[in-house]
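Structure in structure tokens, see below.
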């Protein structure tokens, strides 16, 4: 019997967040298909099953319970709420969670969060990268002193994640931070943008998801706030966010989770050839290479590479258990050479994780909407470890205390 | 039938006036009710009979006037106070608790007498259970009395109209009232049922000595069973006295009885 | 002062948009005693239909005219809404005659689920665009009086005018036609209305079609503001405090309620919000409605709630 | 045939006032409870426990609470999610702030805090009625959503507003495995259902129903509307609050306010109405229907091989259609359907 | 009999799928007559009327056996509105006025099906006001705030507004003052003789019903137990005793009745 590695796929293809959820899911699934087309993971075929969560926590939990019974390798919930709930369940079930670019920022601390992998960056990384960028544009971070920065955020744990970092940074850099929550789903933001108009901040950071992003941009147009001064998080920087704002969104910036929209990259070309070319593409062809599609692909690649890495230790061509995959993810060493071979040249920078660092990279770039497409508009930016590290540790310690768990010791790290 | 002792004035209504916007439902009405008597209120439709009961009952607040009950005088009482003082009533347009069974409807009339607290009821042990059984026994007596045993557990909404009227009476009786206000208890009944109902009313009056205030359009019933009659017309009192006095009152004949009676 | 005015006007505009949705609730409630939670789903469904049809229209007609595409989209979407009204009457309400309000309310929630699924199946769940050419750029008034002027969103202004016109027409319909009276009779007592020969089925198809029309207008305006996608169905939640504040049975109430809620919500968010950490407008709207209801339990213009024994 | 009342004579009112006066009913329910306690733990799979049975039990409890308010007292509430949230966050705070707080007590305290909040939001019901009240209760929903996001103290200064609980420990019994969690919830729910049933068949229950059916008449027989309505709010939110605490502690483990959002409130109302207003049993039916049906539909549509999106759209459609269907078949809910079936059985084999 | 307007043929009615209420009721209403349907509480009078006007559905009841014909046409499948179109209208028991509408609006809704123009409707309205002057004085009050009797008049007046050919009157006398009861029946007679309106009326007030009716049916426990010319029924000893309260010739005082339930046996 052929060996099969099972990947559960939690998606939301319906409901309020579907426009964002669908391309991500398509990219994710296409990459899994692509891997199979390439012969699987050292010969181990990938099987997968989608489960619709509708971005609802309880449905997500049900999906998790259903799919975990089928021998799940790794879960990627794509929802902060589901992440929180699964964080409680994963340790008992010994299934790792990849929450690349979302979830708890403190879960970068692998010593406490043994099963969580916020690979590629957390919201603190995103926020800090944006600040770095603004600093650069002003000629140094110290120039932020006296400036006013407003954070327009989705009023949920997701939207609130960057606040501690922005506050910490405000203390250090001396800018003024204005917090403007928007009640989910964010269809009505008039009051928020009137406040923006009144206080005229120098920059607006946008931490939205789904309809909230385009609604915010439209209100910005309506109140005449310059889009060039607006910076979105990576979940507020994809095509669905700007598509129907069109020209109005021109000049709007968003930080990227390393990758942007890269229709030219090798991996995209390969997928077009190997998957879409054979009539097996999941979504429409035009979508391949767009921001969220790319993200789905990248996330799938991380999961696959985790398994591949685990096979290096536990046996090539074997099916990896959740625990083994966890080790793989914890010891990821995707250097530039490997990335290039995978087709991600120019898309990603090297990623290397460890027992203590479950994030693996803290790099980002800016891209800007030019009315038709997202174009990179900055060099590589790196979040400041000096600032982030202690914050992560402190938050993780608090979590550990509450949950009465102790940090992992060296022996545990070997497992 | 033993001769009933009609006692002193128990309920005295003084100069009651009630208006709804422009509508004068009651104008300066005074009358009294003696202990143990059956007192009828009659009058054409819209005369203000039900409104009168509503005033006594604390459902409406009259703009003017006072009501004296057992020597205590009120210009307004709230419904609960009235209930506590021992006044019960039935309703013209059936105000039963439609979703509840016959037993529960009548049991709800015992409500004021049930004293156990929420926790005792939740556990339903000891006092709560005892209390429930005691009152249930009382209610069963009423059910027997009204001859509605067969429908005990039927939701009242499903009962035919006439039986609902009986249940309504049963609920009022369960309060062991001193004064019972009946608003057209015999509407929609045939003669035989009216006879039954008359008997219930007379029995209540006899056996428990309950004072009864009765609104009814069937003159046969009113003339036969009441001791004194008040006649209202357009919110004004146009007659008061024994049935035979009222029957011969010119105003009353013109306004209400018509010539055929 | 300039800013206050700005917020105030912004509130009025937002309120007008809420009224547009509230109107759908009121229409149906007034005419059948059904509290129609499916109104939001209907708004979404109508908007999806219009967006997709006008997107497909050029392919059918071969003409690029945007106006033509929009008209085709609107007409076809309206046809969908009438069909929907018919289906709802035939398969849902017609079979629930004389049931309690809460049962009917739940049935409309069932309809909501159905419509959400159906709309997305037929029309897709991506973001679509309705472009009826509403101006997007802001407009500044009183620039001489206040520094920076008072900003008014032209798009909102446009929408508000349409909403006001629609409401005026519907209010007249209820006031001056004999059907209006029959509608109110049905709301009071289904069975009695049947007994005197009011054909419930026809009445309901009419009312739901009219409500469908108002949903379509609301969907068009909100859709061109927000883009047409699932979240559109959630703007209906914003109309709920409006309907209770204005009174469930009053068409003008929907407007006044909308304006009050709109203004109250925006002013509270802007002036009180920052003290409490922001994001208060949603519950503030309800608290405001509650405050009014404590004084008038039937809403500002609603029919008095009758209790008599 | 088997189901007959004949020959079962009650010799005391007490006997007639039992929860299940008919012997067969008693036997069936007894067997069911025994089955749930003794057999299910050995039969069910982990998935069944975690994804179906546990949420079913917890939501049944919440539905019982809501049924007291809506079904028995006639006050429609759309703020149930909010009261669940209060229960969950309050229980969390008791756990985290008081050292050595027993979990059971924390859950009960959570329920009590929900009671207080429930009574507070119930005060408008003294004046506002019907659908107006229903919509107004959304204030509770949105306010609690907001409060738990905004007021840091409630979430122990967690930056994101989400919280999680440490191990569940009931007097030394560490509730860890799905089976244990199930048994814990089951015990909890059975006790609460019993209490609720006792309440609704006592005089307080009659007061509630009287308020529901005809409030003026209720006042005339001496029922105080204030007391009746507020106790209904109190008792209801007590159960709902405890259900919220269980939902957070046992089912989710970690949660954010969105776990108790408005959809939760609607779902619960669905359960109560589909199950049967004014029926404790119905609350269970309703919860089962709403918990199980979408999952079954989901699995079915996926099995047929439809794409995820189509499948879930189809699920929505079927779910909506089924709700309407059930309302048409029996507007008084599954519980009524059940009792009609019993009535037929009682007459069987004669048609009427 | 060629001029049979309504023919009810052995109908059975079941509520809620389980409660069997009518057990094979047959009756006939000739055109232009007043037929009374008598019987005690719960006999099934209302149910019979509902079956004819097709208002059972709303009560979750259904006709499971038998047939109902109007002028030879089967009508079980029609909607209530179609029945009104055919000139058959029911005045429901317990009034059912539209609470939020004023008295006049209530009356006007009755004319909803009329096609013969505003003037004709206005004329009928005047006629109704002439029949019930009390309604005219209360025309602007909301129906819910009128007295029970006023509501009863309103309900009857509302039905008359449709210019019906046949009226199903359910307990018209309930809650009305005696002379109004007389008036209502006078109106019935009036319409019957002048406008040839046919009446089927369910009544508890047997005395007056039999005085005005041409024919009567007595319903008990869902079965017709007796029928005949009104005159004949009035003379029947059993009817006298059970429905007219005149056992042994004279009317008994309500004060003196002691119940002896011979009736139960009579029904068995």
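When the chains are written out, they are named A, B, C, D and E in that same order, and each has its own residue count from 1.
In the analysis below, a residue touches a chain if its C-beta (ideal position, glycine included) is under 8 Å from a C-beta of that chain, and two chains touch if they have at least 3 such contacts.
Protein identities per chain, from UniProt: B, E = ABC transporter ATP-binding protein; C, D = Branched-chain amino acid ABC transporter permease.
Keep in mind it's a predicted model, so treat the numbers as computed, not measured.
Participant: Enter the minimum step count from chain A to chain D; a value of 1 means the two chains touch.
Facilitator: 1
Participant: Taking each chain's centre as the average of its Cα atoms, which chain lies closest to the overall Cα centroid?
Facilitator: Closest chain centre to the overall C-alpha centroid: D.
Participant: Distance between chain B and chain E based on Cα centroids, please, to the nearest Å.
Facilitator: 28
Participant: Could you grab the centroid distance between chain D and chain E? Build each centroid from C-alpha atoms only and quote it in angstrom.
Facilitator: 46
Participant: Where the centres are mean C-alpha positions, what is the separation of chain A from chain C, in Å?
Facilitator: That gives a centre separation of 37 Å.
Participant: How many angstrom between the C-alpha centroids of chain E and chain A?
Facilitator: 74
Participant: At which residue positions does chain C touch at least two other chains?
Facilitator: Residues 116-117, 120, 125, 277-279, 282, 308-309.
Participant: Two-or-more-chain contact residues of chain B, please, as numbers and ranges.
Facilitator: Residues 59, 91-93, 95 of chain B each touch two or more of the other chains.
Participant: Could you list which residues of chain D touch at least two other chains?
Facilitator: Residues 146, 149-150, 214, 216-217, 220, 309, 312-313, 316 of chain D touch two or more partner chains.
Participant: Mind pulling up the chain D residues that touch chain B in the complex?
Facilitator: Against chain B, chain D makes touches at 12-14, 16-17, 195, 198-199, 202-207, 209-210, 212-214, 216-224, 231, 235, 278.
Participant: Inside the complex, what are the residues of chain C that reach chain E?
Facilitator: Of all residues in chain C, those touching chain E are 97-98, 178, 181-182, 184-185, 187-202, 249, 303-304, 306, 308.
Participant: Given the complex with chain C, which residues does chain E contribute to the contact?
Facilitator: Within the complex, chain E touches chain C at residues 53, 55, 57-59, 79-85, 89-92, 96-101, 105-106, 108-110, 112-113, 142, 144-145, 158-159, 161-162.
Participant: What residues on chain B touch chain D, complex-wise?
Facilitator: For chain B paired with chain D, touching residues are 57-59, 78-80, 82-84, 88-89, 91, 95-100, 104, 107-112, 114, 116, 118, 121-124, 128-129, 132-133, 136-137, 140, 171-172, 175.
Participant: Quick check: in the complex, which residue numbers of chain D touch chain E?
Facilitator: Residues 340, 343-344, 347, 351-352.
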